[in-house]
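Scrolling down, you'll hit the structures one after another.
There are two complexes below, and they share chain A, which is joined by chain B in the first and by chain C in the second.
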Partner chain A sequence: MAEKILLKGNEAIAIAAIRCGCDGYFSYPITPQSEIMETLMDERPWETTGMVVLQAESEVASINMLYGGASCGKKVMTSSSSPGISLMCEGLSYLAGAELPCLVVNVVRGGPGLGSIQASQADYFQAVKGGGHGDYRLIVLAPSSVQEMYDCVDLSFELAFKYRNPAMILADGVIGQMMEKVELREEKRRLTDAEIATLYGSWATTGKPANRKGNVITSLAMDSEVHEKFNLKLLEKYRQINEHEVRFEKVACDDAEHLIVAYGSCARICEKAVELAREEGIKVGLLRPITLYPYPSKAIDEMTAQLKDILAVEMSAGQMVEDVRLAVNGKIPVAHFGRIGGIIPTPEEVVAALKNRIQ
Partner chain B sequence: MDTKEIIKPENRVYGKSPVLTDVVMHYCPGCSHGVIHKLIAEVIEEMGIQEKTIGVSPVGCAVFAYNYLHIDWQQAAHGRAPAVATATKRLYPDKYVFTYQGDGDLAAIGTAETIHACNRGENIVIIFINNAIYGMTGGQMSPLTLEGQVTATTPLGRRADLNGYPLKITDLVAQLEGTCYVTRQSVQNAGAVRKAKKAIRKAFENSAGGKGTSFIEMVSSCNSGWKLTPVAANRWMEENLFPFYPIGDLKDK
Partner chain C sequence: MKEEIIIAGFGGQGVLSMGKILAYSGIMQDMEVTWMPSYGPEMRGGTANVTVVLSDKRISSPIVHQVDTAIILNQQSLDKFQDAVKPGGLLLYDPNGITHPPTRADVTVYKVEATGEAARLGNAKAYNMIVLGAFLKIKPIVKMENVVKGLKKSIPERHHHLIPMNEQAILRGMEAVIPIKSYEL
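What follows is the complex of A and B.
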């Protein structure tokens, strides 16, 4: 049996990074995710796998270190929380524009502004709709357990390199801080420089060998026609991502007449709420998006025939609910229930909101 | 002797470095960028490190530096080149990594990245083109604009009480433990060009030796931005910039 250990969500990110062959981690401390860097510094992977770990002077610096590392074809990542991610948005836009694979972990806290250090899901728009400037998308994964935090690291890198696009793990303070048993997956070694040059030499700045032209990592195109073409190429990539990479989980959906849509730690609470509601005879199911971009719009739309209504539950004032509404396009009513300011809704509150909706 | 005779290889006394591309440079006639690009290309050629060199270009006139040198390039966000270069060098310690940045890029928006990369002693080369103005955006005040200097955003001249003082960032960087070589050079005449090239060579050699950050300020002219002819611009540079930004080594350890 594979080894299982007890880890915090943030620690799981760090351990997974080392074990999946990550080349570099560049970050700036911020609550509630500082354990990621602390764990890495404690593990000292530079002595074992050779992974670089560097505490940067700011989130602006760390995201640009990512730009440098990703330009090299290396597996690089950073982590932060909401205000730090806001600072990174310029860099995220550049990374998307230069089509660079990398991983950004956002352990979301309350906002706006300095907000609170409690868990929140109020950065959905920023993660899924942009944040930085321009028509770009991130691949966004939303783990709902510590095991999924661990597994999403490798998956994010896999998707990031498959599509040459930045990926984000959108977690929250609850998942980051809670402890659960985690199965450690088989270790992957880091790629050698020679392997990277072979695999990514067509675009990465690995040092220009005599037999190829210099590679240039840039997002600049002065000619409007060229720039439109480039943007259309990006759009086609995003279409491919939408077609092939949607991931979600359904719970008790077969006979459901009502549906809850929730992600991350909220989905865990809603699982319990579904159980409680079913004990009272309410036929409710849960759809949990695992990818927030691409969003499981089709899966939600396909359920509308069997459903009377949908309740989106989020720790925000109502952000993901907009994507649920777009998915069903007015076919059935969609409502939102959320707690904000770092308050975590209870399963009982969700059931009450569900009943309120039905009545 | 006819032309064919003259261009025989054995008669060659000077040639364009093969590290330079054949792309026509977009720089204004009289600008210092072209000469400095040439010097970097020659150093890369002479050291035989073309396959091991990665350049980081800035935002500003030199954003297109990647069109002119046959090496791998990363084009950084405004001011962030030292952060980009930090990761590149740490992930490829055997490569030569340099940034090429203007005074707006390096000393205004990128001040934090500059100071911290230098303070960490990253084994990179920073080539800093100081023309005391924002060239690409049309000649606005930069942190290194002199007091009294007329720019698009200081039409009556820079005033310390309104705009603060010119930032001697190179002096500041020389104070940091992480830098091993900090120098101020220029390329307005043959003598200066030779010294500037020596400095670039030394900086690249330092980065291989793990001695820390090498930082070369090139006091440069922007005749378009200064609204002067190339000759008058060089004269203005010598008479006004050199007294405030004196040429020579600030640190060599």
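What follows is the complex of A and C.
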């Protein structure tokens, strides 16, 4: 059996990055995710795997270092928290526009502005609807345990390279700071340029051989006809992602008449709320999106026949609830419950909100 | 078996590391564990607390507001968390600096003079292990052999020579714990 160790969510991200063959990490510290860079600096992977770990001068610099590293076909990543991610949004749009694979980790804190350092989920819109400009999407994963934090790193890189698209792990202060048991997966070594080209195509700027044209990495297309074609290509890619990469988990859904939809640490609290409500005889289940983009709209829609209503629970003023409403398209009522500004809802509060809804 | 525990005291008393050792001991016993600290500005010079959950089954919420056990190491934490103990639950506290002792009538209360015992051992750093020992005497949810394994995992290797001292402190805590009030539901 693989070794099981106790790790913080943030530490798990760092250890997973080294063990899945990440080539470079470029970042600027911010609470509540600074342990990611601290752990990487402690582990000194540049002495073992050759992975680069660099504290950039700013978030803007780190996201542009990603653009450089990803252009060369390297597995590169950064991490930050809400205000830092806002600074990176221009870069994210450029990375999406240039179809560059990379991983951005957002350990979300309370906003808007400098906000608070406590956990929040108020960056949902920014992560799944844009943040930067243009018709682009990120692949967004929302882990709800430390083991998932670990596993999402390798998965993000795989999806990012498969679709040549930036991926984001949308975590929050709770998952970043808490410790749980983690099973370390088998170590993968860093890939060579040739291996990357064999696995994912030879689009990267790794030096032009005689037998092909030079690769160009750009998000600029001055000709509107060309640019529309490129945008349509992106849309087809997003359609493929929606068709093949939706991930979610259902808890106690078989006989459920009411459904809670929640992700990340909020889903853990809601799982407890489901336990408490079931003790009182309320037939409630939990659907936990693991991918926020692509969103499990179909899975939610398929449940509407058995459900009376849905409660979306999130640490925001009501963001993901809009995607739940789009998924059910008016078939059944959808309500929202949340605490904001860095307050974490209690399972008891969720049960009360659920009962309030039922009555 | 599921045990939800909050450990609360001053920053520097070893609250977080005690929780970590308890969680690691649980892993050594093949249990599911979560360790959720308070973090942020309130930790600097103020109170520190950590919620630890140990369970045979998958743990839903790492954040709990009603606990089976509260381990309380200063007055502020007693004021803040004594109401968080479930009826019939356990409240373990160090009386040092406590001017207003626990008032709950519906919980079991124990005390351990851990500050005094640490002084008698001549090692202030043994404080949290004395408290851990007191807790494990009342609720032996993890075996001593697994606590020792947990200690080895939690403590950096360069400090492994301190493990016997920590074991000794745990045993001292087990001897020093005193029941104040027993309550059965």
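Going forward, the second predicted complex is superposed on the first by the 351 of 359 C-alpha atoms of A that agree within 3 Å, B and C clash if a C-alpha of one lies under 4 Å from a C-alpha of the other, contacts with A are read in each partner's own complex, and residues count from 1 in each chain.
Here is the rule we use: contacts are C-beta pairs under 8 Å (C-beta built on N, C-alpha and C of every residue); 3 or more make two chains touch, one makes a residue touch a chain.
As the structure is a computational prediction, the values presented were derived from the model and not from experiment.
Undergrad: In the superposed arrangement, does A:21 touch chain B (first), chain C (second), both or neither?
TA: neither
Undergrad: In this superposed model, does chain C or chain B come into contact with more residues of chain A?
TA: Looking at chain B versus chain C, the one contacting more residues of chain A is B.
Undergrad: Which holds for A:193: it touches chain B only (first), chain C only (second), both, or neither?
TA: A:193: touches chain B, not chain C.
Undergrad: Quick one: is A:29 in contact with chain B, with chain C, with both, or with neither? Answer first, second, both or neither.
TA: So A:29 meets neither chain B nor chain C here.
Undergrad: Go through the superposed model and pick first if A:346 touches only chain B, second if only chain C, both, or neither.
TA: second
Undergrad: With touch defined as at the start, can you tell me which chain B residues reach chain A in the complex?
TA: Per the touch definition, chain B meets chain A at residues 50-54, 56, 63, 66, 69-77, 80, 83-88, 90-92, 95, 112-113, 116.
Undergrad: Would you pull the chain C residues touching chain A in the complex into a rising list?
TA: Interface residues on chain C, with respect to chain A: 20, 23-24, 27, 32-37, 39-41, 60-66, 153-154.
Undergrad: Help me check something: in the complex, which residues belonging to chain A touch chain B?
TA: Contacts found on chain A: 23-24, 26, 52, 54, 56-58, 60-62, 64-69, 71-72, 74, 76, 90-91, 94, 98, 193, 205-210, 213-220.
Undergrad: Write out the stretch or stretches of chain A touching chain C in their complex.
TA: Per the stated touch rule, the residues are 4-6, 31-32, 117-118, 173-174, 177-181, 265, 268-269, 271-272, 274-275, 344, 346-348.
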